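Before I ask anything, let me first share the structure, which is written out below as structure tokens.
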Amino acid sequence: MSLSETAVFDPLFGLAPWVVFLPVIGILLNLLFGRRLGEKGIGAVASLAAGGSFVVSALLAYGLWRNPGGGTLLLAKWLTIGAFDVNWTFRIDTLSAVMMLVVSGVGTLIHIYSIGYMHADVRHNGDPSRFQRFFVFLNLFIAAMMILVSADNFLMLFVGWEGVGLCSYLLIGFWFEKGADGIGNARAGKKAFIVNRIGDFGLLIALFLLFSYFGTLNFSEIFEKAPQVAAAAPGAVLAITLFMLLGVAGKSAQLPLYVWLPDAMAGPTPVSALIHAATMVTAGVYLVARTQALYVEVPLAQDVVTWVGGLTALFAATIAVGQNDIKRVLAYSTISQLGFMVAAVGMGAAVAGMFHLVTHAFFKALLFLSAGSVILGMEHGREHGNAGGHELDPQDMRNMGGLRRRMPLTFWVYLIGALALAGIAPLAGFFSKDEILLSASQRQPAVFILLLAAAFLTAFYMGRQLLLVFFGRARSPAAEHSRESPSIVTLPLVVLALLSLGGGALNLPGSHWLETWLEHTFHGGQPGGFNWTVAITSLGIALLGLLLAWLVYGRRPLASAETADPLARPLGPLFRGMQRKWWVDELYQAVIVRPYYALAGFLAGAVDQTVIDGIANGLGSLVRGAAQYWRGLQSGYVRSYALTILIGVVLMIAYLALR
Amino acid sequence: MNLGIHPLVLVTFFPLVGFLAILFIPGQRKTAIRWTALVTSLLNFAISLWVLAKFDRADAGIQLALRTPWLRLPGITIDFFLGLDGMSLLLVLLTAFLTPVTILSTWSAVEEKVKGFMLFFLLLEVGMTGVFLALDLVLFYIFWEFTLIPMYFLIGVWGGERRIYAAVKVFLFTMFGSLLMLLAILYIGFTAGSFAWQDLLASRELFASMQLWLFLAFGLAFAIKVPMFPLHTWLPDAHVEAPTAGSVILAGVLLKMGAYGFLRFNLPLFPQAAVQAAPWMAMLAVIGILYGAAVALAQKDVKKLVAYSSVSHLGFVMLGIFALTMQGISGGVLQMINHGLSTGALFLIVGMLYERRHTREMSAFGGIWKVMPVFAALTLIVTLSSMGLPGLNGFIGEFTILLGAFSSPVLNTPWFAGLATAGVILAAVYLLVMFEKVFLGPVKVEANRLLKDLSAREIITLLPILILIFWIGLYPQPFFELINPSVERLVALVQNAAMAVH
Amino acid sequence: MSIGAIIVFGVMGFVVVASAVGMLISRNAIYSAMFLVLNFLTVGFMYLSLGAAFIALAQVTVYAGSIMVLFLFVIMLLGGEQLPFIDALRGQRMVGVLIGIAFLAEIVLYVVLRGDPGGGISLTGGTFATPAAIGMLLFNKYLLAFEITSVLLLSAVIGAIFLTRSAKQPRDEAAQLNKE
Amino acid sequence: MTQADFYSILPIIVLAGWALLLLAVDLWIPKERKSLTALLAAVGLAVSLGLTLAQGGTSALTFGGLIMLDGFAVYLNVIFLVSGLIAVALGYDYLKRMGMERGEYYVMMLFSISGMMLITQAYNLLVVFLALETLSIPLYVLAGFAHPKLESQEAALKYFLLGAFSSAFVLYGIALIFGATATVGLDGILAALQGGTANPVLFSAGAALMLVGFGFKVAAVPFHKWAPDVYQGSPSPVSGFMSVAVKAAGFAVLLRIFLTAFPGLAASLAPAVWVIAALTMIVGNVMAIIQSNIKRLLAYSSIAHAGYMLMAFVPYGSEQNAGQSVAAMVFYLIAYGLTTFGAWAVVVSLEQAEGKGLTLDDYAGLGPKYPWLGVAMTVFMLSLTGVPLTLGFWGKFYLFKTAVDAGYAGLALVGLITSLVSAYYYLRVVVMMFMRSGDPRVRRDGWLSLVALGAALAVVALSVVPGRLLEAAANAVLRLQ
Amino acid sequence: MPMVYYLGLSAFMFVIGILGMIIRRNPLVVFMSLELMFNAANLVFVSFASYHKVLDGELFVFFVMTTAASEVAVGLALMVAIFRAKKTIDIDQMSSLKG
């Protein structure tokens, strides 16, 4: 945790800045020469930049393997004002290396996937010139994310933190003229940015508190001092961690700030996979993991984090059950899974949280990209289907059905991803989720129940999705005419599927490879274990969920796109609540957004124009009024003027007399 | 020192050379006039860089001072006293930097009475530079008031529909404040027997008993200029009606004069009063931040929105100054520069839109990104800088200000900074709404389909600002190195006073 | 101070005030002028009683004589017009009189009574203000003043001539204005 | 009459004598060539000016105590004579244009200026009174100079009746002071005061009444009401002359008498003068904002400026402030005089026959069409407002400084706030000229342009280097007592 | 005679003169009232001259008379001129300049 541990500075660590520089170079190349490079060239440059980043990350990891103590690298002085001193410093340790590998690894795959996906997408949406822009944004994201995970201080982390938010905004609104009323996508981007800003507000306050109590923003110094400060001012550390939690809730889409993530699905599918599933949204988890040293000092904060995670996991899962949009289901699933991770890091099971983060990155990216493949297929089918149903939503699962036969590869990888997510042994998700559940059962039995329920629902909605999309009969012409995606799209799917299959190997019970690796960063974390009871319970619950899904959706597939969901009747208003996302958006709209707009209007109209400006103008009118009144006294009659003089004289003599 | 070549005299009065040259160019030869003005202002920028080169960063005191007696009144002498420290140098650089940029922006925007426009513009530059360099209270006041005249004409002659109302309002508001300042200046001169800043610094005990009143009198003048809530209502009118170049300079430099005044005079000369007033000033600053942001959201006119955003941004500057900590004040000074760049650029952008469509109603736009991608990209960067995105300049300023205010021993409560931080959210709201309404969504209005993207000249106008936006955002250290020594001295001075108060 | 002197002063004082009031309230300007002549004459007598023979003489000849004759001439010239009783300025008379009385009260109560220099004037010193003494003073100490007067009178004469002479040829615009 | 006596009033003698000569010569100058009269009048003024300047630095009490020659007198006499020159320059073309080219204009002007010079040098209340009449009576005629134009006649009548009314107050005041001190010489009065032989009540009442009379001359509220009507009705050059020279004369005599003879009265009069000054600033400025006639606007502006000068007069009694009071006021007279004359020159340029060209609307578009004239008028308006880099700023600065130094910050505050009000109406003129379109007609005349541009240049240039002027003003003070 | 008597008498004259100025509309009568005011002042001068035995006061009156004469000359000329142009001498009619 301390710099002193950096006994040996591995020469490979000197490469650290290149994880950021390479994507930046990619951006510049594509910005300046994009026009001349053409789509292939752009894709290649961007992918190479991301891939290069991955290679550098791998080299860093290798360096860490040799010198697990890690190290820091000062790139440049940044800000020095009095006692406040922060620099552009990269931190290379096992935790950041894991994140770098995940980000650049998944990122590279998604870059490659995007070459194919966006080639089709820009043509579907009628503006091929945006191909270049997409890759610029994507590289920008990699750069920002790398800054986030490699930062050695909170300020630099914050740069990345907001940077990825910006990319998220840009990419959600990538098709800014599309969506509801033509503005829906842009609005979704804005919503994401603003909600994230609310979270950032918390993070900023946490930063200020950190500086005022620790006198620095550097990780190592803060973590070193944490016990002393916590002893001296426990309230302060509690406040710091809770405000930080607000930031986490924003970025990692936890209650109550999760609302932006479902809307973020307006972005192109690779974006959903990369940013809104695999990497960016896990930044919150990373932050809590990174600041374990603070959280362990205040158990209350840990409890709060755990509860937030647990509640989010269940809450989002319920909503996922009621969704029909293929990506939205995945989005709520992401929120739910993030809840798992947050709960884990909240409980102090940082390794479990990170483990789930990694496996989730694999299988959720896989699921999203496969969903993208499905959507591409549907769009293709929509265009080639005879029925000119151009209003047909290619993402609505009710319009799909039977795609198993038309898109076999996609089906198989989707199945792997779904099962991994559902937590079916021995896929990756099973192991990581199991570790979380185990920790919960040991430390927070109540949250354990919540997570168990969420796990059950996870299996259920994934089963529902699989059945609606790939089984039964095609319920629309588009589904009938869909076709398998090109290999540049499917290739990354296969790679991700393999990772989802075998990702659990990272931290298999017994080897605990990841734990050993991360231990160089997390000191004193409790070792994970394996408990047959918990494992069997979770597996059983997952299977139960899948079974129930088959009972509801598999036995009697939906007849047509218009058929009501079989759950609607038995669950009644409950299902409506799931469908309508428990009216949270409406609630926020009514309680925050609209009142704020009204307040703004009131301030601008009544207060600013009428009262404040009115006072200034009123003074002017007052003077003018006085002048108008006095004008009457300047009557033009010489006798009246003489009288005025006399009055003056009388007053003056009176003053003299009465003095 | 030879008066003729003293760098500060040169940097202050050099634009007069261009002024005289333009005076003798016939009014119809617009291009010649424009080039003369541009070259003059560029040379002046070069001179300001020369001043920078002569400046010793390690020295916290006044440098390159020039002091000669100007007028002798009974019992007191008014000096021609110029000098600078890091803070003023930075603002002089900003002035010299923004002026050519702005002149370039008028190339096609100002077609009527080009000669007069350029004449006033160069005069304005003299006045603004003088304000930042003058160290004699009376000389300062003269420059301060003098800037009003060219600005008044720039708004009144080349402005929009309600330009006269706006021009007069600017004049009267500013004058209201500065008259009280004049009274305070006279009082100080009477009690201390000098108008020179350094003398007063040494002998401020002489008027210490009245310092709260003096603080308020100076403060009113500066607060109106800044402008602080609730004295801000002149600003939206001025901005909306002013020609683009006027808005840029108004936001970029003129508003800074107010904040600079607080730093140069209110804090060092009346430190105890400053400490006493700090919570109240901070309160007004915070109200300004939140209020400006909220009101900006309700605007339909882009320019008005940007104008109210200035109110919000300058609230940050004021909060930083009255945090009375190193971070707060340094951040405040940097934020002045940042605001000059970002908001200046925003006004340039609005001007470019206006030139194309002759309207600033946001409802008349929408989907512009599709038509003008380069323009949209540049606007986006500027907008993000304005809302304080890390990595760009605005963030550095806001962050350091809030950091300073949060742990300020004078304010003694995190509430100010906390609420101000909420302003960061609101800034995102109104700026994103603006960006959305203008640039995103489908192209709804036919006239917008044919808009031409930026010309090379327009890009060149924005480019220097963008470079600085990134520079300050990523590597602000050189700027802080300029600011820090003077601020350190100032803070030490005020902290001593704070000790005396508590 | 003899009773006789007081009676004389009282009578003269009464005449002075009464004639002044008469001038003030006479609706016909000629009557006003006549009252004023009476007033001036009485004041002249008062000067005489104060031992200022030269001034008294000047008062009678210059004031009551030439100046008032000039007035009468002009009144005759302009027709001694009686103006209609309606006063365009409502309340002017009322307020004027009230404030005038206030002023009088101030002067009497403050200036005259509080500022009473005390003592009186002996009306016997006949040798004090002899014409010779006045002449000496006038042509020694006040010679300059005397010469100023000449300039003053000259400029007044030129002015008077200018004002009346050119009016003989009224310009067209004036004629037009008259018609309106 | 000794040589010293003669020398002390030589400029006045020359001027008055020249006026007589001019009167005679004018009879032989044909109507078409009245420019010769103007030229001759200017020569007379110039000669007198030269003699006055030659008097600089000397100081003498002559005519057995009737006349004082000192720096103050020289300074003010220069103001009067320069005012006269400017008034001649303004009148020359104006009279021709308005069809009233009469030599009496110049003669009356010279007489009036003689009176002003005399009143400044007067050291005896008798001379004061005579000089007051000498300067006033020609002015009554000049006010009515445009007769038979009714406006001009009305102005003359009003000025005459109210002027005589105020003279009566002065006279009554002098009489009371004579009663209190048994003398009319200023030195005698001072001696009586210091010796304690003066009757305090009569004395203060007399002084108050004199203050009324001079307050009338400088148009201080509430004795100001004649000014707007008279300035509007009189021929414009005369109005300009009145607003500068007569005001200067009023202040000159006020300072002369009150500082020399009545210093002990300052304490009791200060509150009254305070109120008068404040009222004058307020009423003048407030009334000006609703004026649409430029002459009337300038009239109210001149009332307001009298208030500013009175502000510095308030503390005249205290030893340490008296000098500064006078210096500030006489300095302001120059600043105000140059500015005001410049403004009137512009007014004269725009005025057309039958009173056209006098409303603010007639100024619309002046700036673009006649940039130099527009800029000059802008300079004047800014100078009257007191914006820096004009002489008006230094003038006000000095006045306010005097008030603040003497502890009258409250009065200074009133002055500052009313300055703000004044900015509004001065700016309206600028707004009209530069920001509204119109097609004004301007009389191109060399002398007018010279006055306008010269004044503008002086107002700006002297503001950059006001040192000498301030020095002169400071010197004008020292020899007063 | 007590000095105050003269002062009092002159005060009456002065005030009546003032009232004439304020109340009367005939400029000739107004003018006469002004003369009355001058006379009031003269009375003060003369009586104080006797009181103090100082001749300057009397001489002052002499000069006042001359100035009064010159004022009368100009004033009456003015009224005549106005009467010619306007055919009336009501000073209330002379109120076109106002405001």
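In this document, chain identifiers A, B, C, D and E correspond to the written order of the chains, with residue numbering beginning at 1 in each.
In this text, contacts are C-beta pairs under 8 Å (C-beta built on N, C-alpha and C of every residue); 3 or more make two chains touch, one makes a residue touch a chain.
These numbers were taken from a predicted model, which means no experiment stands behind them.
Under the contact definition stated at the top, the chains bordering both subunit C and subunit D are A, E.
For chain pairs A-C and A-B, the one joined by more C-beta pairs in contact is A-B.
Nearest to the common centre of all protein CA atoms is the CA centroid of chain B. Centroids of subunit B and subunit C (each the mean of its C-alpha atoms) stand 69 Å apart. Each chain gets a centre from the mean of its Cα atoms; for subunit B and subunit E, those two points are 65 Å apart. Work out the mean CA point of subunit A and of subunit D, and you get 78 Å between them. With centres set at the average Cα position, the gap from subunit A to subunit E is 96 Å. With touch defined as above, subunit B holds no residue shared between interfaces to two or more other chains.
Contacts with at least two other chains are made by residues 631, 634-640, 642-643, 646-647, 649, 653, 656 of subunit A.
The residues of subunit C that reach two or more other chains are 88-89, 92, 96, 100, 103, 107, 110-111, 114-115, 117, 142, 145, 149, 152, 155-156, 159, 163, 167, 170, 174, 177, listed in rising order. Chains touching one another form the pairs A-B, A-C, A-D, A-E, B-D, C-D, C-E, D-E. Contact residues of subunit A toward subunit D in the complex are 620, 623-624, 626-628, 630-631, 634, 636, 638, 640-642, 644-645, 647-649, 652-653, 655-656, 659. Every residue of subunit D that touches subunit E in the complex is listed here, in rising order: 126, 129-130, 133, 137, 140-141, 144, 147-148, 150-151, 153-158, 160-161, 164-165, 167-168, 171-172, 174-176, 178-179, 182-184, 228-229, 232-233, 290-291, 296. For subunit A in complex with subunit E, the touching residues are 631, 634-639, 642-643, 646. Remark: subunit B residues 169, 173, 230, 232-234, 291, 294-299, 325-327, 330-331, 367, 369-370, 373, 384, 389-391, 395-396, 399-400, 402-404, 406-407, 414, 417-418, 421-422, 424-425, 428-429, 432-433, 436, 439-443, 475-477, 480, 484, 487-488, 491 touch subunit A in the complex.
Subunit D makes touch with subunit B in their complex at residues 323-324, 327, 367-368, 371, 382, 387-389, 393-394, 397-398, 400-401, 404-405, 409, 412-413, 416-417, 419-420, 423-424, 427-428, 430-431, 434-436, 466-467, 470-471, 474.
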